[in-house]
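Take a look at this one; I'll ask things after.
Order of writing sets the labels: A, B, C and D. Residues in every chain begin at 1.
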Amino acid sequence: MICPSSTRAFFAVTFSCHNRPGIVAAVSTRLFDLGANIIEAQQFDETASTQFFMRIVFDIADAPAVQEQVRTALESLSEIFGLRWSLVDLRKRPKVLFLVSRFDHCLVDLLYRWRIDELPIDPVGIISNHPAETYANIDFHGIPFHYFPVTKDTKAEQERKIRDVMVATGTQLVVLARYMQILSNEMAAYLSGNCINIHHSFLPGFKGARPYHQAFERGVKLIGATAHYVTSDLDEGPIIEQDVERISHIDTPDDLIRKGRDIERRVLARAVRYHIEHRTVMNGNKTIVFVS
Amino acid sequence: MICPSSTRAFFAVTFSCHNRPGIVAAVSTRLFDLGANIIEAQQFDETASTQFFMRIVFDIADAPAVQEQVRTALESLSEIFGLRWSLVDLRKRPKVLFLVSRFDHCLVDLLYRWRIDELPIDPVGIISNHPAETYANIDFHGIPFHYFPVTKDTKAEQERKIRDVMVATGTQLVVLARYMQILSNEMAAYLSGNCINIHHSFLPGFKGARPYHQAFERGVKLIGATAHYVTSDLDEGPIIEQDVERISHIDTPDDLIRKGRDIERRVLARAVRYHIEHRTVMNGNKTIVFVS
Amino acid sequence: MICPSSTRAFFAVTFSCHNRPGIVAAVSTRLFDLGANIIEAQQFDETASTQFFMRIVFDIADAPAVQEQVRTALESLSEIFGLRWSLVDLRKRPKVLFLVSRFDHCLVDLLYRWRIDELPIDPVGIISNHPAETYANIDFHGIPFHYFPVTKDTKAEQERKIRDVMVATGTQLVVLARYMQILSNEMAAYLSGNCINIHHSFLPGFKGARPYHQAFERGVKLIGATAHYVTSDLDEGPIIEQDVERISHIDTPDDLIRKGRDIERRVLARAVRYHIEHRTVMNGNKTIVFVS
Amino acid sequence: MICPSSTRAFFAVTFSCHNRPGIVAAVSTRLFDLGANIIEAQQFDETASTQFFMRIVFDIADAPAVQEQVRTALESLSEIFGLRWSLVDLRKRPKVLFLVSRFDHCLVDLLYRWRIDELPIDPVGIISNHPAETYANIDFHGIPFHYFPVTKDTKAEQERKIRDVMVATGTQLVVLARYMQILSNEMAAYLSGNCINIHHSFLPGFKGARPYHQAFERGVKLIGATAHYVTSDLDEGPIIEQDVERISHIDTPDDLIRKGRDIERRVLARAVRYHIEHRTVMNGNKTIVFVS
């Protein structure tokens, strides 16, 4: 959606506050005064909570001083309106860490999208609870791979090792690309807001283990997948994206798993895209996704 | 799908049995010997249960004696293969009774499809727990309307009155067209297999009351509706058809209700169509739907 | 999406202009200065044409003088930025005229949505080239019905009569609800931008007559419908909304027509909704639809 | 859908003929007499042409003599009913040759599905009009790669080289996985029925070059992809599968190309699956696809 130019910097800012007249005018005027040109803007008024949410994409002079002025402006607006804001430089690729288990279709898909430059990310590592040979057929393109096996007893230690990798690499987003280990509450809380999981069901239906087998048993006529932010509440995190496909009585659990792979990988890829384009704002147990 | 001719009768038979070689050959040979021409045929082998299910549509001489021979043939096959079978005359319109509450969109839609001859049914009555004036704007085209109010204390009596109407009219299918009363276990058991309900959620998500409000609270990105056979297990009956539509954070519960009306009416209409074309076979808590 | 209050007026303004920095700031500041509260705002930068498009919904004091000031402000912005703008009072129901031929499913559907207050419109007339008895089963709720038969020779006169009804009733939107007559170029130009047509195919596939038969002949696996603004270019008007459903080799042309009815009515209803909520801006042969 | 056992062979037969009573009985009786067990069966009566089409999957003794008897039986039925039939051994992986140009998303996707054993095929070669280094990032797993550059003047020779590879490898199916060269009429005729192409539009809309740019210019609200059998009639071959995704005015041609990649690869993968499971029968310019 954005056409980068060599002489301008591109930023996306999201913010939220208690709604009151004048916010849009104040923010857009400050940005204009700093020489910014608004390229995209979407807002959302949540009537029930009287909260206001906005996303603005703008270009501006590619100079650190100017960008510092933007931060100062947002800070001062924050004082006036009680704004909570988040600014990202859209030219910088976020550092992404992948966690994966045996099934590699989501990982392979995300790496492909990165390789052809569809997803502008900077992969800093792949962590699995399975050894490297599990992925012998995948070209990791030099992304460091870490084999961190885990048992009930070693979960705390294994999660500490994951956090160490995050810190060492400056990870900004963790993607659970069919990582089949349940995170501890501490780890989930640590990752909260910076970690996207793909669940292989149309939540809230079929939580927990083996959702395709649950779907088969229940006899549903559509199956789905759900990408959500990880919070300490397992399978209850804010939903970013969902999709479904039609099935019928002839589909076995294996057919559901096969059809589900296609849904999972496109749902997860969309969610990651929304996140890195700074289109998402967590709002309690929901996600606002500014898609158009 | 069927082109009726004036000189031939049209039947659909569904049957199921323990799978073993020779069933298709035996059934198709008997039908051929009786002068039947098979127009549609679908079968399904449920590997896990080793059960075999089949639907055959055929035309045959329009003579009662011949048709009696078909029944006799099916009965004899039943003895050989342990066949459970069900034969319907596709030229006879099934007698349908509608139960409805305040929201009339599903009822209006089904009546429209009946009026333009899209749904070949014979509506024998409309029962509501709301008075006739609730539907002042709807032309019932002479279909008898019954106002059967219900309270906790009068439920048993009210359900008896519904059964009386069913018996008096020879009702073959009851459609709960957004009938917002919970049936007693006795009534649900009485209706089992001959009653289709539309639930305004993508089951098994959001059971019970106010599913669109539940969906809003959970922040899902798709809403749906589910048509299922009524069994004594509330919201757990065998699913016939489901569909979904995309929503976003800007949709209020009222928007979900609005979008949901469109999903509900098309899902219910499809389920009724499948039933009256004898495309469905209940299989435990699932429904086999032979759609192509 | 809007919660009307008794003491505030609700307006939607759409505008477009050559893009340059400061537009959002200028518009939002003017509205703020006049006591407006912005409820929804979406913008779109068309990079190729460097055109800027925006839709703003706001509430404001329910006083004619204040609203006149809004118009004056927009007029002055128009001079500065070359703004083309369009302001509508969202509490006023637009006067809608329906044109229909033999098939009534779209008309019946729109009237239903109006009756249950899903579509806040003011139907001012129904015109058909078929006599009133064609619609004997429909309750028009007192909406004036006009039977204007048409032949090749009388088309000019018949269209004049339609325009007379439009003028007499103050029609603001004409909906061609499966009106199967080709408009003259003059009539199409007269209606341009204020008339929505539903075409029973997924345009640009299957233009012209009998699109479902064309789709059947071609063997497509999905059929669709297209709602578009009428322009003098038949079947080439700016598309507002499209949708599809899956079909298979077993579907006859009659099945396609049946499935198509469901697609047509929901696509047309969505398009009418987008129009009356002032979500659409015609942009050459395309339509910008601000849906979220 | 099939659970192979070590002691039984699995076959799929498709056949078609002029419809008349007794076909199903005759075929199923012959198969039963030979010890076959019918696992799946679907039939289709094309009323207009009075043609009959059927697909039967059966298991049978894993003995060449028995299988020869099946062929003999089909041959004798062919004489009685004028049957055109095609029998495939579902345990044998068909030899597949891929043709590709610069964009590799469909190729990479199909190879992935092959690698995880989702698609039971035997890839015998990859031919491109671009050199091997174009695909430096793809692990071809030892599948022979052929660089056959092509110009207007060398097309005949290049196509001869492709045919040579087909003959040398015993290719049974050619997949044009975004192969961007127009085949000569001779080559298209040579491949007819054994070659699947993916076209990046919802045919018949947007034939020819740059369909996503055409879709962008036309302002459609959904884009799609079409998998079809190659015949000598470019972009007019029998359609096997189609799918679509929603777009909006904010999507640039690059966004359409990105979204299209996801549609193309899943549509092509489904079509290849239908073909190798022997679910398809070409019927003039249409394809019958027995999917359930």
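Here, contacts are C-beta pairs under 8 Å (C-beta built on N, C-alpha and C of every residue); 3 or more make two chains touch, one makes a residue touch a chain.
This structure is a prediction, so every number in the text was calculated from the model and none was measured.
Participant: From the C-alpha centres, identify the chain that is farthest from chain B.
Facilitator: For chain B, the chain whose C-alpha mean is farthest off is A.
Participant: Look at the interfaces C-D and A-D and say which one is made up of more C-beta pairs in contact.
Facilitator: Per the contact counts, C-D leads.
Participant: Report the inter-chain centroid distance for chain C and chain D in whole angstrom, where each centroid is the mean of the CA atoms.
Facilitator: That pair's centroid distance is 42 Å.
Participant: Taking the mean of the CA coordinates per chain, how far is chain A from chain D in Å?
Facilitator: Averaging C-alpha atoms per chain gives centres 36 Å apart.
Participant: Could you list the positions in chain A whose residues touch two or more of the other chains?
Facilitator: As it turns out, chain A has residues touching two or more other chains at 47, 248, 250, 252, 291-292.
Participant: Once bound in the complex, which stretches of chain D touch chain B?
Facilitator: Going by the criterion above, the answer is residues 3, 19-25, 28-29, 31-32, 35-43, 45, 47, 246, 291-292.
Participant: Going by the contact rule set out above, which residues of chain A touch chain D in the complex?
Facilitator: Within the complex, chain A touches chain D at residues 1, 105, 108, 112, 115-116, 118, 137-139, 141, 248, 250, 252, 255, 258, 261-262, 266, 292.
Participant: Applying the document's contact rule, which stretches of chain B touch chain A when the two form their complex?
Facilitator: These residues of chain B touch chain A: 44, 47, 202-206, 217-222, 224, 238-244, 248-250, 252, 283, 285-289, 291.
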